[in-house]
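Got some structures for you, see below.
Look at the two complexes coming up: chain A is in both, with chain B in one and chain C in the other.
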Partner chain A sequence: MTSANSYDALVIGGGVNGLAAAAYLARGGKHTLLVEARETPGGLCDTTDLGHGHLVPSVAHALYALDPRVTSELRLTGHGLKFALRNATIALLQDGGGQLVLSHDIRAGARSIAACSKADAEAWPRYSNELFTLGRSMRALWWDLGGKSVRNRLVDQIARTGTGAWLDSWFESDALKTLVAFDASALSPLEAGSALLLVWRAAQEMCGLQGAVAFPAGGPAALSMALVKACETAAVELRMNARVAELAIDGNRVTGVRLHSGDVVMAPLVLSSLSRRTTLLELAGGAGLGLGERHKIADASPVAAAKIVLALDKLPDADGIAGKLNGRLILADRPESYVLAHADARAGRIPDDLVMEVTFPTVTDRALAPQGGHAASVVVRPVPREIAGGWEASRAVFAAKALSRLNGRIPGLVKHVVAIDVLTPDVLSSRYGAEPDTPAVSRMLSDWPARMRTAIDGLYLCGADADVAPAASGRSGRIAALLAISATGSR
Partner chain B sequence: MSEVLRASAFHARTATANRSNAWVTRNGVTLASVYTDANEEVLAARTRIGMVDLGARWQLMLEGPRVVPFLQQLLTRDVSGLLPGTALKALWLADAGGVRGAAAIARFGTDSFWFLSASPDFAWIRAAAGLFDVALREISADRSGLAIIGPYAGATLGNAGIDPDLSHLAFRKVFWRGLDVILSRLGEQGGYELWCEADDGIIAWDRIAQAGAAFGIAPVGAAAMDVLDVEAGIPRPYRDYIPATETGACEPSPRGLGFESLVDPDHLVFNGRQEFLQAPTPAAPRLVGVEIDADRAASHTPLFVDGRVMGHTLSSHYSPCLRRAIALARIAESEAKPGTQLSLTLPSCLEWPELRVARATVVALPFLGRPDSLAE
Partner chain C sequence: MRYDAAIIGAGADGLAAATLLARKGLKTVVIERGDRPGGLLSTLEFHPGFRASPYADEIAAVPPNMHWALDLSRRGAIFVPAPCSLAVWQERRHVLSASAASPVASLLDKISGTRTNIVARAEQQAGRSQGGVFSSGRRHSVEPWPGQTWSAHSLHALLADALADEDAAAHLAALALCGRSADPFLRGSAFHALAPGSGCSGVVMGGLGRLADALVRAAEEAGVEIRCGLDASDLKLDNGRIAGVALVDGSEHEARAVISTLDLKRTFLSLFPWQALPRQLIARVGAFRMTGATARVLFALKQPPAFPSPQLLRGPIHVAPAFSRFAEANLAWRSGSIAAELPVTLRLVSQADPGLAPRGGAVMTATLGAVPCRLFDGAWTKEKRDILRDRALAAAELVFPGVTDRVVAAEVITPGDMDEALGATHGDLWGGEIAADQMLDLRPWADPPAPRTPIRGLYLAGPSSPLGPIATGAAGVLAAQAVMADFNVVPDR
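Let's turn to the complex of A and B:
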């Protein structure tokens, strides 16, 4: 049976960006429907229940790029978004048990660095200053729809510089370089322009603090919940369990979508928060695209991330660890670890030096675990997107490798594990439709309309793919909605 | 481009015949450039019969249930109606309409095509084929071609025991005294091509050389073939134009290379169609022939009309049949009418170091008909 229902605008996907886009469209006076394939909205900002009341962030476990304008304009704080930790530290778990801890406090960071190198401790404030100044100068391009690129010599130079070379020019200590490089590790430190990712991270603002990382109270799912409330306030219609089968296209213009249920929803404006590949190749069938363009879109990155979530009956209390588990802990041996791990992942192998980011969300947010219990959330990146024989067969090997490495740096962790869930790239893709999304320098220096417009009139991308770099920012949702509204307004 | 040089299947014979020891590398294959004298070789192909090593042709086999939809999108002409045993010529374009290459496409069966081109574009075609799950196999080094061109090409084949009855742009498999070969007529220079397994190359060469001896057969080198190409008005990649390599490249345009006949505007789905259909700007250059009032060739040289540069030559050669230098040229539409008078400077050389200006005239292409047209 086909029931025709008609809206001004339709948003595909109920992740952070999809929800933000829908809220802005509705606030712009568009009668808006949001369709989400899963039972609950939130996308990658979701919570997994590991049993016995252990709630662990399923995929994203920290926020670092949430657009402050989305927070204020959609009144997310009023809709229940609170932060358990506004300024998470980042610490390197080193072999000898020593710890290098960096935080938003530059002086505290310099003191910690001084244990590794006096010269680096002196360079740290200058480095932070330069990075933050550069980050702010790039906000015009990275935060605003009509933003023009600030192209000065320094930006041009960094856009051609790898993280490794950039950090080598500042610091001598391997430990510091390893820790700082982590935030740009979505790209290999050898890749030209990967240093731009550090600038992008420094340009972000969380809870009013530039370059900070925050943990929402209740996990990142709290952000999704606040956005859902913002959508409801703006009178967005949300339809769950509604998977889009294909886009309806007439000539070169989108007219709506057909759902798997057979329902057809008409809308002259469709914003997709799904990936560019899914939207343009699967849902639109490659309409309006040349062969070169199609191949470029179909060519998925060989590098992805995996997630391991652990329920613990108690926090590990090894020497040097206790009391320091409230921020982000980085497991990486040396600066080259990122290079080797990327090379392994590209070649379809599980890296020997797995690079991991561990958080214990329950340390700052007791509500996420039962009395006495704790949870750990581990992002492993890079890992291969596809592996010989399939991820299904390698999952146990991967989990064992990751756990033994974790246990080596956080002694006693494994014996406290009561439940575990391993989300390899294939699981993330089947459960969340998540596709590995690797930043690219050309993308970071292009303008918003170039990333959001498609060859089909009325169809815009509003997901992480349209953002400067993939993140739960809400920014691409907001800007896509503004772009779509201004395009229809002028028609 | 291939990174390793290889010899063609006929190398043992071409090396013996190559009295001048002049070689040229094309697509990673060493070919004899001049066997004895390029002008003699051109005349042999035009008046008697010449045999040409096609070892540098880039060849692919394309197979799969979706090979037709793939080629429909890749190529500028409709292959769906092509019958097995026949072929057509078409271009493939970048998304923005720039020419990436020109190919002959021969249909083996329902789902199987043979793709021949003067220059390789493996990465692009493999990427595009991947979107359609089309299997792609490069066979350039496995299947070796020998072209037989000239008025006595048919007679030579008959002497060699092969029935020469075959229409242009067609091919058929032939069992030739113990060898499985393919006889085709795909070349711009007319004549025939004989394709055999690389290991059988020497046998095929010897048989044709023997069968053509009565007609004065001569091996024709790459330099002479270049002259024949210019006489026929055919621009070649990396000699006359640099193929588009970027997705967004709109140059060289099919019109600017005189390739309109290889693009079917009624074919609805090919890559780069929208850009092709856009009307050309008045300043867009056209491909023409230029006869130079001298015997010295002038490649890639500016062409003047009343002291203003209105275009430039592409490859240029002395044509022994026309007894003057000729060139392909790209000239502004307004000056492209046959008979337009131009001037150019000839390249300096040891005997003539001073600046020398020559007159030239625009002529319609081709300069000359196909070498085998005498026989028809």
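Let's turn to the complex of A and C:
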């Protein structure tokens, strides 16, 4: 290949998974180009300045099980990645200030649970143990490239069980069930197989050597920067402001891409970190897909997430709450809240029972805010992807509802807010190209090649959609690159 | 008294099981709490001259081999499958007729094929002998059951993906969800498509009570002893094995095998003193989800309502079905309130079966879904019952304008009434929530596989067993086959 616009491999999208994929491809000897539509790399793993030096996570505010192999193989620590917090705790903000806190320390968790229910405190270690056992049995499928599909009796059963029923069979305390259910809240607790998401979380706790849920020092952008450096070290060519218009396909093979600028880039290997829908329908025009499959992919989930970021002049301090604002804080009233919120969101209404995850990144990383100042990052999920009359008209109502709920559980929060940004699903989509990423139970039970290969030779998915459950982990980028390299190597 | 087998409950399952066992020479007794056999299969005069089957008009299909073995038509049970089903909205209607070849018909064929395969698979499991000495089924078959892939589908996906016609999809959803409560958008809700109405089910001429009479006749001819008006108080255990049944009158029947046709919770929580069972078993039974959602309103009409094409009234009439309506009603039901828009299915039962009404009159039933067994704001008072009657009438007005003036009497049956009359926990006529983790091999639990239970010699037929909600009598047949396999009796073929 001699032409300037000709590469061995091309990666679409410069988010965490795209960057990881590009770095691995280049390390595998491929002359690699990464194209990113926005001005800066990072995708959803970005940091925004809300003014006066309040740095907040733009979208993703915690890393869920960053693949430890990505960290070590790409030498991310050497490229400047540090963690402000590893093994973040998860806590339920309850009415009246009580707090239930869980962490990877099972005994500490049991002590906290004992305040709600003695029986649950006794069940907690058994429950954790069972989840770890299940997670371990899925290891081959979830962490290894050539994993064989698992036919384990209990996994088979849990893949048909909803989170609600599963937790009801273990615990009696509503508070504990509410808190634990949060990690599976991407699906309604009544959905068959949603309990599998809890197993996936347990598997992450087990395998994430860097801590299952971690905050990078300097905000999420720090991870993106480290990955960019890894790409540069591996001699990946990064091209910003380059939006892909369509894939070039010859017969059943991808030959490259055409950019919006009109440029054509040739590459026999294309890895897309965009969603399955965008890649296969918009960029590939549905090539190689049957009618039924096209129909299935075209159905975007009606349920999405929204993001609210707040700059604070100081932390609220009523009733000593300031000391409790670390890790992940969950705001949900009761187990049924998830059911109601999902049903409301699907029907296109702003849920009454808003479920939120709040982090105060400045509590563990003082550099992210000016002296005395703080910032809060709130993920609200589920919310409707589309709403009657458009999100534009409902944004203020939504923000007011969310803030009043936040203020109810973190008294005094609102009066310290100096700046706010509300990213409803329409904003996330226009600004970051973010699409609702609802996990699919059947995909969690299929292997990596099945999730990554497409009907078009040479085209692979390497984004969050190809992961076991959507997350910015670098895992799917790494595995897609290895898969693509091994496929071309054997040819 | 000493018996080989004792059967709790004289419904379709109990009577079918008893007949098959007695024909093999086993000394068999059926114990029924009610004054007469039949259970759900009953027909009564709810207003002078007006008769109806109070709990259901239509039942799940009776498996053909059972129909044949028990010779039900000769014994007076004449099944008349509904020739059509009607869905009516404000401005339009949709007709589903049994004969027409269409995407709908081929989807229904596919569903009924799945049901047949499930029945066959369950039979295979029941017939496999556990060697007399009961082993706890540790050999788990990894072969998935027919229909298992449905756990990944919502009812909406199953129907809407196959049918371009939205009205047809909503109509089929109404057939599947008649009298139930479920969110059709949630994964796993596809199992509702195995509901009675969506296959070759039927109405029995003269009401469901006639089917009970036919089953009783078959049982008596085989030499079964049927004892009504007697509650079983306790199952007797000897060394962890079933030894017999104690009755409320203080008498005891010895029996080597007991088949319970009660639901799972009633079987374990009411037939055993709690301390007799392992705590873990009690917990498993407790975790099984059961909640009723069905209410019925029986209307006596002084004359049949006017309708332009009366031939379309021989089947169910679903009022304004819509997927979103089922989802919203389900939400209200979960919180214990009566939804603003309840799913309603009407049947002018006297249209196909004129004998149910006096000359010139008519009988209309309304089956309401998403009706909570317990209301969040108190008991089912007269006023609350009247709400159900009024909702049913409002729905009927949409189909038959002016019908309200023809009503001479109305009888409301709530889920709580069904609990009391039928012994169905919380009025759940299907013996446990229809959900992916409570169907097929997981119903009522994976280990030991149904109809066997952790108690040696106790077999579970009835609605909580795998075939309970999808076929009539089949669970009883399976339990009988399991007893024969375990006792080395050569079954009928």
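Just so we're on the same page, the second predicted complex is superposed on the first by the 479 of 491 C-alpha atoms of A that agree within 3 Å, B and C clash if a C-alpha of one lies under 4 Å from a C-alpha of the other, contacts with A are read in each partner's own complex, and residues count from 1 in each chain.
Here is the rule we go by: a residue touches a chain if its C-beta (ideal position, glycine included) is under 8 Å from a C-beta of that chain, and two chains touch if they have at least 3 such contacts.
Predicted, not measured: the structure shown is a model, and the values here were computed from it.
Peer 1: Taking chain A as the common reference, can chain B and chain C both be placed on it without clashing, or not? Answer clash or fit.
Peer 2: clash
Peer 1: Which holds for A:Leu291: it touches chain B only (first), chain C only (second), both, or neither?
Peer 2: Touch status of A:Leu291: first partner only.
Peer 1: So in the superposed three-chain picture, is A:Val339 touching just chain B, just chain C, both, or none of them (first/second/both/neither)?
Peer 2: Touch partner of A:Val339: chain C, not chain B.
Peer 1: Can you tell me whether chain B or chain C touches more residues on chain A?
Peer 2: C
Peer 1: For A:Ala300 in the superposed arrangement: first (chain B), second (chain C), both or neither?
Peer 2: It touches nothing on chain B or chain C.
Peer 1: Touching A:Ala419, do we find chain B (first), chain C (second), both, or neither?
Peer 2: In the superposition, A:Ala419 contacts neither chain B nor chain C.
Peer 1: Of the stretches 20-28, 146-154, 182-190 or 200-208, which one in chain B hits chain C?
Peer 2: 20-28
Peer 1: If you lay the two complexes on top of each other, which residues of chain A touch chain B in one and chain C in the other?
Peer 2: The overlap between the chain B and chain C interfaces on chain A comprises residues 292, 295-296.
Peer 1: Which of the residues in chain A come into contact with chain B in the complex?
Peer 2: 286, 290-296, 298-299
Peer 1: Using the touch rule from the top, collect the residues of chain C that touch chain A in their complex.
Peer 2: Checking each residue of chain C against chain A gives 140, 142, 148, 151-152, 161, 183, 185-188, 283, 287, 289, 324, 327-328, 330-331, 334-335, 435-437, 442, 446.
Peer 1: For chain B, which residues are in contact with chain A within the complex?
Peer 2: The contact residues of chain B facing chain A are 73-74, 94-96, 124, 127-128, 130-131, 247-248, 271-272.
Peer 1: Can you check the complex and tell me which residues of chain A touch chain C?
Peer 2: Those residues of chain A that touch chain C are 151, 153, 156-157, 159-162, 165, 168-169, 187-188, 190-194, 292, 295-296, 336, 339-340, 343, 346-347, 441-442.
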